[in-house]
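Order of writing sets the chain letters: A, B, C, D, E, F, G, H, I and J. Residues in each chain are counted from 1.
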């Protein structure tokens, strides 16, 4: 058994029971972004969170333990994602990658935006020309050290 | 001659003259995000914008014309970026890709967030534990059509 | 269980029962192009469509639910397709890719042809020198935004 | 010198002189689709066509000869194209590849749509919800031979 | 179940029963080259051919139906084949690819040798210095169309 | 300087002077298949052959010496060729690779068809349904040794 | 069932029974190099050899037949091997590849060292500074033919 | 300037002057295997060796200094070599890789054959059936440490 | 059965029983670094070590034997690791690779740091600005031999 | 001009002048590890440091400015490094990657060792069995945030 098996069980249960990630997140008491990532095998839960999630999706004790183990992260099957929704994010990195780099360095100097000390918030933005997806990302700036 | 030559000339002039993208953007009259991407060879300028940028970086008439030609987009030399700052964005796609997918579909149904009808705003977020990079992305949701 | 399992069950049932996609499409009440893509795991059905398709291919309630879940899209096992029929389309992108780009930009300016707000129609074109495959594609033009 | 050099010279002249492919095509007397592909190094011209194109773009006798040599085809720098417009066509192959295959085989049996005995027509389709790109492809069906 | 399962069943039966492809081909009434390719999952059989092959290898009715479905072609597990015999053919393409191209274009102009309207004949060529493999390939020349 | 430079010089001279490979081959006194491969940088010439070729294409003494050096072979820029004519040969390896393997082993046992002790002959085959490309390959069979 | 299954069965039996390849080879009556390669699915056995090997590893009649079928060769799971011992051989090809090429051509002219008509002998070489692995390879030189 | 430039200069001088590696090696006073690898940019020379080599190939003082700098090793342009002679060595690793591994571990336990503390000797082996290439490799066995 | 199955069984047992690698290492009597690598299928145990590990994780006699067989090493599923923790080490190689090379060569001359005669020690380093991971690596320097 | 040009100029000057990185570092007043990485184009210098380095290697004012621009990082030409010294580090990641992951998570929980807030110290470790390379790495632990 592996974390992947638990992820598949969660996803199958979600389809069968018709659950929503935002409801799961509310019960867990964390953001829908973090909870979804955790249920999809990318984050590590506490025992209490695992118990809540286990209750929702019908996971046994061992499966709940797997949720508390740090997973081998990476959620995509190919280097360049084939799914159109996910590809658009990859395209943003491809087209705007050097722009991200220039502007962050202009503002902060040499370093990176952390993808670990990181959070995000995704919501619908009403717009008369068609609603928009609005994603707010916030990552700590980490400067390179000179030594 | 190609757009790439113009991009290299711009970048070299920027280093030599010690310019800032935000100042360039102000003169162009557009956001620093769009102007930087355009100067780095990813967007298409109008004749007026090309003239302003040409003035700033010392580009001749033909080079200004190249700025008005739709470029072959893609700013990175490798499929998986090696630069740590840009890699962190690729890592976000890798780790959170399926999360983006689940939450956007949960909110909007089948479709994508456009990477074309898209804008972003990048700024510093003061934080006592270390300042943060804050990126606000907004892309139009495009639903799949049934026909 | 995953959407892939449902796709395989559909394809196997189609072979065993000797069904035709155009007949399936007629029962679903949508084009053969969209219905085939949906049955092959690339599109999302409504509950009613899933019920019709489930009836035709003998899918149970859970399998019908999977048809209503937005799938992870991408129908090919390799980056460059090995199947000769599908490869010819990849070859068209390889040989005519820059031509598509030049002509669409010449007509519309910077932007793309949407692959989401997209439809197509595939039919036989009688020809004394050998019949031809005729594919009509129509995708909304999406202009890049300046901001 | 190679065909690539001639292509680059043509593209640079086009930017400098502000020409349009449709005007070039009219002078050559062939479709804009074929002429653009030929100017971009994917098709082979006759001596007469090369002379016309040479006149337009200022090519000398040797450069015109290169236009009459069958080129090494393939217009893209990477296996998966990074340019968003061209990528959308690759995405269509990825998402609809198996659909193309099923429907063509259902109509014609085993074989392929030729990418050689092939023509296409690309035009603007007016639409109140935003104009559309309309591409009509026509390729001869080639059946596999049993022997 | 998929065509691959049928191919594996055929190959296993061939090993167990000690059959020869040339004998199978004789019973099917087609060349050994085409029949072997068809049994290995690359070609499409008629109902009659499938019945003969089913009889030989012990395939049931559904398995025989799979033989009549157009397969997803491509018989090799890697882009560059690892098997030495098959690699030598890949090496011929690598070393002589541009030679094939030059000579076919010199004789026929721009176009290709069809791999669809194609047949081949493979036989032993007695030679005092060691027997040789003799392969005769014949493919229809398809010229590029100007339009 | 490298062999590649000499190959490019030969190809450019051929375009400029409008030469044919079959005429070159006749002057060299070897088959057009071997001579073309040699001129394209895949085979090694004798001093006499290099002198003839040098005369034809205007190569100086050092360039003629390069023709007598064993080249680093491999004539294609990508692992999977993008050129349609050359790709068809790759497709033959992909589709018929396991067929080649089965039939050669059935006739000869374990071993390979040599791509070194190899020759080929390419010619036009008149056919009322459209002329065909006919390629006759002959390679020595090399059995694996047991030791 | 496939040859891979037989290889796995042999390897598992070897671990369980604690056998040595050199003992297996002695019973088969061939070199340990050839016998190990054959047991690992890379060479083809005679019926007698298969019977001996089947006796040692507990293979049934069908499994013994698989040992007599020419296998699809290639023993490594990745293009660049990850295992350090095997990688060192790949490194030798990478670092000394052009040296092998130069020295063999200097001695023999254009051609290759056969990897088919090939044998090797691997043994321990006692050395006061630490024992060494000594590998003697011998492959027939095959000259390129001019035709 | 880089080591690569020096390598190219050496190779060009060798072609122009018609030198042999074995003669160069004799003047350097080391084996032809090591000297060839060093001249091809894979090994590091002493000042004395660089002076001898510089004299032979006409290298100036700076170029001789480059020969004394440890190079970035790796002599091949692609992961899988396209040159037939070098490919055969890659094929040996592919086919015999697991055999090397099994036999070295059987004799020595866990560890590797060093590719650093390594030497080889390549010579012609006369054989009435055609001369053979004989390569003797010797590398120190390095055991994995338990700690 | 293979070593991979044993590794999976160990990892699953560890999750279920809530064990710690440092406790396992203490019972085995070797460092936690070596023992963890061995349990994860990268190192070879003695019979005594395998018995201790078997006792801890509930492995039967055959599974314990697999722990004593030299494994096919390489613990990662992709060439570039997707897991952020492991990727950071790959990034260190990418960014500092040439620095490692320069400094080791400056100190030792041409050669490598052995990854076989190698040990490491990983511990927490208390720091008021946030604790740090401290890794001490020690590998024998192996000089290239001149011969 | 780009940072790469400056790096090449530095490396060439170092070879020509016979400088040592440790001497350069001493003049810059930072560790040899950081200074070497910075000179090799991976780190960003202050104006003072750039002036010192410029003095040492003979860089003009513009070249010194490039040293103060944040570079596009990544120092290796291939995904898997071909140079044996650098490969050994990649091998450590491949073999010990999951071990790093397990032990860091066991000690710290979910998170990573920073490759940005990172320093290292590389020195010779005298050893009677052959001197060793000793590398001490220290990176801040960054925990994943729950939000």
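Operating definition for what follows: a contact is a pair of C-beta atoms (placed from the backbone, for glycine too) under 8 Å apart; a residue touches a chain by one contact, two chains touch by 3 or more.
Just so we're clear, the structure is a prediction, and the values are computed from it rather than from any experiment.
Student: More contacting C-beta pairs: G-I or D-E?
Tutor: Most C-beta pairs in contact, of the two: D-E.
Student: Hey, which one of E-H, C-E or E-F is the same interface as G-J, over half the contact pairs lining up?
Tutor: Among E-H, C-E or E-F, the interface that shares over half of its contact pairs with G-J is E-H.
Student: Indicate the whole-number Å distance between the mean C-alpha point of subunit A and the mean C-alpha point of subunit E.
Tutor: About 47 Å, centre to centre.
Student: What are the residue numbers in subunit J that touch two or more other chains?
Tutor: 33, 72-74, 76, 79-84, 91, 94-95, 98, 101, 105, 111-112, 114-116, 118, 142 - these are the residues of subunit J that touch more than one other chain.
Student: Enumerate the contact residues on subunit I facing subunit B in the complex.
Tutor: 80, 82, 84, 87, 91, 94-95
Student: Which subunit D residues qualify as touching subunit E in the complex?
Tutor: 30-31, 33-34, 43-44, 70, 72, 98, 101, 105, 109-112, 114, 116-119, 142-147
Student: What residues of subunit A sit close enough to touch subunit I in their complex?
Tutor: Contact set of subunit A toward subunit I: 1-2, 62, 65-66, 69, 72-74, 76, 79, 115-116.
Student: Sort out for me which residues of subunit H touch subunit G in the complex.
Tutor: Within the complex, subunit H touches subunit G at residues 20-22, 32-33, 36-37, 40, 42, 73-76, 79-81, 83-86, 88-108, 111-115, 118, 120, 122-125, 127, 129-142.
Student: Tell me, which parts of subunit B touch subunit J in their complex?
Tutor: Residues 8, 11-12, 15-16, 18, 77-78, 80, 82-84 of subunit B touch subunit J in their complex.
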